[in-house]
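There are two complexes below, and they share chain A, which is joined by chain B in the first and by chain C in the second.
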Partner chain A sequence: MAAEPTFETAPAARPDGDLLAVRDLTATAALADRSLTLLDGVSIAIAPGEVLGVVGESGSGKTTLARAVVGLLERNVSIAGGAIELAGETIVAPGVGATDQARGRRVGMVFQGASRSLNPLIRVRRQLAEVLRRHEPGISRDDVTRRSEDVLREMRIEDPDRVLDSYPHQLSGGLRQRVAIALAVVTRPSLVIADECTTALDVTTQAEVVRLFRTLIDDLGLGLLFVTHDLMLASDLCDRIVVMSQGRVVESGPTAEVLDRPQDPYTRRLLAAVPTWTEGVENPHA
Partner chain B sequence: MANTLEQGTAAGSGRRPGTPPGDGGTGPVLEITDLVIEHRRERSREMFRAVDGVSLAIGAGETVGVVGESGSGKTTLAMAATGLGATGSGGLRLLGRDLRALRSRELRALRPEVQVVFQDPHGSLDPRQSVRSGLRELRGLQPERTSWIDDEALLEQVRLAPELLDRYPHQLSGGQAQRVCIARALVMRPRLIVADEPTSGLDVSVQADVLELLRASQRTAGASMLFISHDLAVVRSICQQVHVMFRGKVVESGPVDQVFTDPQDPYTRRLIEAMPGARWRARR
Partner chain C sequence: MTQELQAPLAGSPPVAPSDRSAPAAQSPAPSGRGAERARRILLRVGGALVTLLIAVTIAFALGRMSGDPTSTILGPMASPEQREALRAELGLDQPLIVQYLEYLRGIVTGDLGTSLQFYQSNTQMIADRLPYTLQLVGAGMLLAVLVGVPLGVLAATREGTWWDRGASALALLGQSVPVFWLGMMLVLLFAVKLDLLPAGQSGSPQHLVLPALTMALYPMAHIARLTRATMSEVLREPFIDAARARGLATRQVVWRHGFGNAALPVLTIVVLQTGTLLSGAVAVEYVYSWPGLGQLALQAIQFRDFPLVQAIVVFGAITFVLLNQLVDVLHALIDPRLR
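Now for the complex of A and B:
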């Protein structure tokens, strides 16, 4: 597939400069009686400062892809082919699994529901400190405090001290998800993976989180892999979109192109299923 | 396929066998006036008004949406309407009967008239029962009321293959399980369907099918529907009237197109602005 690089539709074939390059990745799950292909030759690429939306329904493989990048695959899932490169370095390939340290500082992860990212028993201050110390063992106490406060301010949290001294349950859903994002970016990763990270949130909170991501991308030059089932949400935030179905990428391209001129029947079906907003139903009582 | 359902409710708004007296058939199916429901907060033990002075009415065959975010009180309101939840104070009339004045026997007689479809279909189905045996149990509760249609035809109504009758809930996809829940509601020939986020856990392509099914079956069955959702686009696609709830109060009400194209309340405006897909919709 590397033979004829058409730059818009074959992201893996772009020249160097990719932050993340997933090439022809195949992942299989070992079940009791057979093996199941979860990812079937998936290729994606993300440049610094770029937001790539991975859109698909349940069973599409989007979460497996995200987990492969951060090294959190289920135990029965293995990489059967292809590779994942982070800033040119192969971190995943058959038989190759990068250590936590190799990717931990460079890749941050935000899950669906802050409950999966946050420890309910520990105050926010200590959670941020633990992440910082794990990635930067020699960091001073003052630096931990300063950077914890700074990252919360970057999350547009106005009273970082109150939040730092809170347990997760004492915060609203929106604040909790901001803290989860803070945990993912406090070590200044070059890439953030967000898997359905706004799915459990109210729409107004979701809109705030999306705005926050946009600012972070623009300010910090992060790359963002934004996994979602919501094509509309992806259209608000993402520069490019890949649509996944049954473990394959069925369509990819700049957001406007994918939405305005969907080529694949599955993408067309997804778009057709979005409730129309312009026409209401007729009123039988009118 | 529509015939069977229409025969089931041929009288439309008239009384049917098993319909409790007091239903004139012309008034609203559900009438809520100045409803207040208080809950106690888990942590602080303080009382707060989950529903704070809400009024709404649903006419025969009408679909009324209640849209709001978490904590708005929309689910508490829905549960009160079913007679399953706290009823609080204020007016709460179902088919013209005051839900609070009814004796438990009368309330039981009225209960089949309201059927609820919940967000999590698998949570609503008994995991140990096949679809068929679950339906058998339902029919046993209301033999006369449910005799209008057999299992195979009922499944056809919700566009499920008859083979699924012998499946157990864990063998059904989310969309299939939700169709079974809708079938279980329809078999009772309810006058009111309360749907509480019925498509929120479903994939978007499945959601579109289930919405279409709800729309069609509610029309052919002549039932009214109270549709609870956080999703404005879904509400606009299925409801005629909408009430926007915020912190227990209805902040805005009206026909969906009016409320969503010309919102008057600042909170309604915020909700509309927060809807994902603004960039896409702007180009269509």
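Now for the complex of A and C:
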């Protein structure tokens, strides 16, 4: 029987502070003829073990915010003001780009479309191994194998050995998504960013992914920045919600408060755009 | 806590790779997969043989359509008896179908006829000259890959910058410069003016430098442009961002994940260019008096040694078809989705 998985997380959270704090972040994109503000004084905070949902329509700046945290902004996008702190340490600010040490080790990221976020030419085993070896240079081959199997078991994968020996195209969409999450958490980061990671999945798999995240958060105490345009999904998983529009935070607060008593007109419009349920059919999210 | 994670969640059972809800995870049974693979190999080999047959048939037909070779070989002053003797010697007095079958039998047995100019076996002459051409093409292609691939990768990873523009301009220049002109310029500079390297012939590594440089320029430019284009596309793939987000080193992201996925078209061009050059590096071999197949082909054409020309064409066709097969095999080796 395989060794029991271990759950030590990277030392990241301040004992009494935020795990992630984004303060007044402003990001601009240099276009050929003008400069475009993508984030305009955005402030958010996530505590250890907390799930913060970032919702908003396409182009609202959700993904830019997520990518800014891991330093994966497009080449023409720059930070014009504000800062991002991870466990009290400034990792992003104008002229500061210290995300290299955090990326992958302290912050994991899961992208939209897991199928395309896995290298199609490399077996799952090697993709996991290269992440472990990169962040834990002295790790032994046995430990790499054990940790890879353990993390797949945590993802509720029944036959980790077979999945490890598979190429991505040999796995189903649901399995690929679990492998993508495994790649994000195998190094035990203290923060995970999920950028629309359930968008391309069917509703059953979406629900499974949400439950998986919930378990990981409860057991590992990691913080989750959950970027989505699906308000119902956000209501299932998130402790707090931030609503973004045109690069600004227009409303934020505990999930129930924001969804039940929206204050901002944009949030109301967003909620009004959620498909309504046929009379007589019970809304499972209600 | 561990038990909690290990225990299946309510309504969320563990997922097996071959779960019914996972159609993409289904792979054919091993025996079915073996049969499918055998079928594909047979199809591939069959396709190659048909291509080869068409190529050698075209070579045969062109040889026969280009007029009576006895007139071009013996000249206008030859007597009818002399012509008839030569026709008999070349087997041209036989019916066309007999000539064709004899020609095919020769190819299968490795007998590509006898040269009219050198009175030697064409197969032997090609075998004698081939090592020189292999040396030249090998050195040239190695140089082309060693410069072209990094140049293309550099341009792609710095898209839109001066590095990109410089590398692209260099590649464009490389594809625009005529090979014979470049050869002559290199001879003038390094052999005549600076007296650093020999101007021609073969025999030492120094003799190889200028011909290999000349040979490398066009494929290098082609490889650089193709690498840049393919890498630019691959570097926009989500798995590249994902690899970056996992904190992998830039070198790993660019080469293992980026170039690993961009390598297929580049490899195809490298192999096919090698095939093209193997069967006729005429200009380079001529400029440097390099005793390879290109030089031999030129001599054969000048003397109207039609059996030798035909033999070189057949050799080129076989080489090309074999290299095409090699490309298919390499594709399957590199990309598991093609197996």
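Just so it is clear, the second predicted complex is superposed on the first by the 256 of 286 C-alpha atoms of A that agree within 3 Å, B and C clash if a C-alpha of one lies under 4 Å from a C-alpha of the other, contacts with A are read in each partner's own complex, and residues count from 1 in each chain.
We take it that a residue touches a chain if its C-beta (ideal position, glycine included) is under 8 Å from a C-beta of that chain, and two chains touch if they have at least 3 such contacts.
Predicted, not measured: the structure shown is a model, and the values here were computed from it.
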Original post:
When the two structures are overlaid on chain A, which partner does A:D219 contact: first (chain B), second (chain C), both, or neither?
Top reply: second
Subject >> First (chain B), second (chain C), both or neither touched by A:V22 >> reply: neither
Subject >> Superposed model, chain A: greater residue contact from chain B or chain C >> reply: C
Original post:
After superposition on the shared chain, which partner residues are touched by A:R116: those of chain B (first), chain C (second), both, or neither?
Top reply: second
Original post:
Of the partners chain B and chain C, which touch A:L233 in the superposed model: first, second, both, neither?
Top reply: first
Subject >> Partner chain(s) touched by A:V51 [first = chain B, second = chain C, both, neither] >> reply: neither
Original post:
Just chain B (first), just chain C (second), both, or neither: which does A:G173 touch?
Top reply: both
**OP:** Mind working out whether A:L270 is in touch with chain B, chain C, both or neither, as first, second, both or neither?
**Re:** first
Subject >> Touching both chain C and chain B, counted on chain A across the two superposed complexes >> reply: 173, 204, 207
Subject >> Residues of chain B that touch chain A when the two form their complex >> reply: 59, 61-63, 69-70, 174, 203-208, 211, 215, 230-234, 236-240, 255-257, 260, 270-271, 273-281, 283-284
Subject >> Partner chain B, residues of chain A touching it in the complex >> reply: 57-58, 173, 202-207, 210, 229-233, 235-236, 255-256, 259-260, 269-270, 272-278, 280-281, 283-285
**OP:** Spell out the part of chain C that touches chain A in their complex, as residue ranges.
**Re:** 1-2, 4-6, 8-9, 11-17, 19, 21-25, 27, 160, 237-239, 241-249, 252, 256-257, 260-261, 334-337
Original post:
Given the complex with chain C, which residues does chain A contribute to the contact?
Top reply: 4-5, 7, 70, 72, 75, 100, 103-105, 108-109, 111-113, 116-122, 130-131, 134-135, 153-154, 156-159, 162-163, 166-167, 169-175, 178, 180, 183-184, 187, 204, 207-208, 211-212, 215, 218-219
